[in-house]
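Following are the structures in question.
Shared between the two complexes below is subunit A, which pairs with subunit B and subunit C, respectively.
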Partner chain A sequence: MKILKEVKISDNGFVFNSKTGDSFSLNPIGLELIKMISEEKEMEEIRQEFLSKYDVDDLTFEKDFYEFCTLLKHHQITVQNNSLEFN
Partner chain B sequence: MIKRNITLAVTGLNNTDNPGPGVPFIRGVKESEEFEVRVIGLVYENLEPGIYMEGLCDRIFQIPYPSAGSDELIERIEYIHQQEKIDVLIPNFDAELFSFMKNEERLLKLGIHTFLPTLNQYKEREKNRLPEFGKKYGIRVPSSLNLGSLGQITEMEEKFDYPVMVKGQFYDAYLSGNNEQVKTAFLKISGKWGFPVIAQEFISGTEVNVVALGDGKGNTVAAVPMRKQYITDKGKAWGGITLADEKMMELTRSLIRQTKWKGGMELELIKTKASEYYLIEINPRIPAWVYLAVGAGQNIPEALVKLALGMEVTPMQQYKIGKMFVRYSYDMIVDLEKFAAISMNKEI
Partner chain C sequence: MEKLKYEKPVISKITAGVPSKFGLPAKQKIISEIDGTKVSDLIEEYGSPLFVFSEKTIRNTVAEARRAFETRYPKVQFAWSYKTNYLNAVVNIFHDEGSWAEVVSGFEFEKALALGVNGSHILFNGPEKSAKDLELAINNNACIHIDHFDELYLLIETARKLNKKARVAIRVNMDTGIYPMWDRFGFNYENGEAWNAINRIMLADKLELIGLHTHIGTYIMAASAYAIAATKLANLFMATHRKFNHWLKYIDLGGGFASKNTLKGAYMPGAETCPSFDEYAEAITNALISSEIPHENLPALFLETGRALIDDAGYLLTTVLANKRSSTGRRNMVIDAGVNLLFTSFWYNLGIHPSQPTSEYMEETTIYGPLCMNIDVIRDAINFPHVKTGDQLVIERVGAYNVTQWMQFITYRPNVIMIDSNGKTRIIKKKESLETFKNSEAKD
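Let's look at the complex of A and B:
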């Protein structure tokens, strides 16, 4: 998954998609996640970092991670060949 | 740098909840580093807010509605010209453009410069001709049907599913969800703007717009894309943001290149979920949100004045992405004398 080059992420969690004009607010965890995704880290690497840093189990992390990715796709924050493909 | 003195006449000082582009246009030209501008405000109504805004216009003249006839309007302009020696005239309403385009030569002979689309350019982008326009220039447009009577609603229902957009020739658009709503919109619009009333297929998506300027030779002198962030119940932008959208820019450049568009324009587009762009309207003049383009780095009003005066304008390629405008309303306290003067003397 790749974040669009038109998407700007501020350190305070404000995300602006200059292609669509949409803006979003992320909480600190969301910000950490999107930064890791924008650095093109693989899910496995992100998982390891999160499991070691936070009190979260594997299953919960995976569920939340995929939910977050679906949101990113839905709001056209990630590069998509077919914008109707949400999964 | 020594500034060139010019006298600029502008219409559209109606900064109401359905604002004209006159005030932001003047604001843009006043920021020019090349012109020292004397502004003549041309108004139709005696309560147009631009009349009362301090420091905006040097003189104000009331002019007759285009419906009173082209000759009456132009004769009034000639009278104003005798007093003020207008260098450039910028009309800002769709409904008045036809009269000014038709009299372009007559005005130029007097020394009044304009920079307007040709009659052919103006006509072929009319709302009731949009399907042909889309076909000719290879742009997606919604299907539409020109309604001349209520009886045609059945024909429309066979062609489109609800909801449909019901639009007037110049202004007004209503989203109509059933037969009754179409009838109401049809009567409202035809009573105000005449025929045909246009029924347009409803395209679901995000409304995005481009303000652009063509030099009449196929070159895009300026273009800034914007998304409305806050829309009034009249569908007007009350807040907007500049976008980084190369597809919109390419569409604009292609359209200007093919049509050799002369003058300002606003493209109204719908971007669907599948990232397809549908052209829903072309306004043959600059829009009321033009000051966003100035703020983003493209002084379109200044460039338009330069083109009207036959000056060279280097195409503007860059603009700041993520620049926003937020409109506001403001109560001015006005002395009765000014209102009385414009009401009685038709000039201030």
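Let's look at the complex of A and C:
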């Protein structure tokens, strides 16, 4: 998953997508997560960091992570793949 | 090292638009206990979903309504509207507080008798009264509120057959300035039908006309409409006296007082817009006292308030089953209580609240019930904090109509409990099981 180059993320959780003109707000955990994604860290690495830092179990985090990624895709913040290429 | 508190990661689109002049509530309301008992303890003991009634709230609400009317008018009599909630434990509290019974079917009539209500303290309303029902009502000396001419003649025939006199009132429908005008029940005031019915009753030797009844609608937001209704009934009351030298015993203004629930499409919350008991009482009693009825002949004022007396006392506890996203990214939540239990969700934006502190981040959410049916939507759009599977929520103001109009559909109906005035809990209606159905179905 790759964040679009047109997307700018500020340190206070404000996101602007110059490609679509949309802006977004993140909560602190959302900000931390999107930064890791923008650094192109793998899911497994992100999971380990979160599990060691936060009081959360692995299944809850996995569910939340994928839901967050779905929203990033929905809001066109990440590079879009063809959803019907089942690979 | 101690781990940091986790919160679900959230990204919310910022949308420009007309800002609300009321803003957002400063804090999400949390209902963690009811009458001092923790929501989590109730669910642990009685399961989820769970209807909870508060005896304390019922008694306090009745006291508030009685104070509003009894301090303004000399003779006031409440009659509990069975159809609003006819669970025995609930009905018994209203009777204990002095209410008569207002019933609208043979079933409800039998229920009132079985609960020990004196037949003469039963007001029998409604368009469906069979000859058998009327016999029961006459034999028990009930007040029969006639809905239409066919019923009037069936009643005359039944009373003749029993060789007994029936005590009757007529239901009157009228224009009180509210929309929609209810004219499907009773006899119309403006076209003279109500006066015509009074004349026919006064000439029937087996009928004794003792009262006049109206019920102008439901969830009436304008107390002034009741003043118009009271004035029109007072006109009929005096006309009856002038023509027949007969003083009627009571005027029944029916029900229809709004509860604090918020109607769908309403701009402001119901709790801030619905009139208080004092406002309704002021409108009704002023109209009667300032009518031409001499003060020494003022009739008793009957009230059949249902919704406004019981809605606040009922809660539905429910559990989050799932959070999911729609194809458009919208947040959807599934809870274990559906429209089969919450008939009022079709016309109210019911208040739904977490039972424990949650994230401060809110997101517009659609809340679905558990039924495998597309219509099972409890809230179309509610700004709701992030909660997770297994979290418990409280739906407030569900005391009216839900436990009478609920459906056994797909799932069993749940336990209903009462928290009594001392804080003790008990089951007042047991959860259904397969046995419930085996007992009434043919064993094919």
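Assorted remarks:
Keep in mind that, in the parts below, the second predicted complex is superposed on the first by the 80 of 87 C-alpha atoms of A that agree within 3 Å, B and C clash if a C-alpha of one lies under 4 Å from a C-alpha of the other, contacts with A are read in each partner's own complex, and residues count from 1 in each chain.
As a convention for this text, contacts are C-beta pairs under 8 Å (C-beta built on N, C-alpha and C of every residue); 3 or more make two chains touch, one makes a residue touch a chain.
Computed from a predicted structure; not experimentally measured.
Of the two partner chains placed by the overlay, only subunit B lies in contact with A:8; subunit C stays clear of it. Once the two complexes are overlaid on the shared chain, A:18 sits against subunit B while remaining clear of subunit C.
For subunit A, the partner with contacts to more residues, out of subunit B and subunit C, is C. Residue contacts after overlaying the shared chain place A:27 against subunit C, while subunit B stays out of touching range. Counting contacts as defined above, no subunit A residue meets subunit B in one complex and subunit C in the other. Only residues 15, 22-30, 32-34, 50, 52-56, 60-61, 64-65, 67-68, 70-72, 74-75, 77 of subunit A touch subunit C when the two sit together in their complex.
Residues 3-14, 323, 325, 328-329, 359, 361, 388 of subunit C are the ones that touch subunit A when the two sit in their complex.
The touching residues of subunit A, when paired with subunit B in their complex, are 6, 8, 16, 18-21, 82-84.
Contact residues of subunit B toward subunit A in the complex are 206, 208, 226-227, 229, 241, 243-245, 271, 273-275, 321-322.
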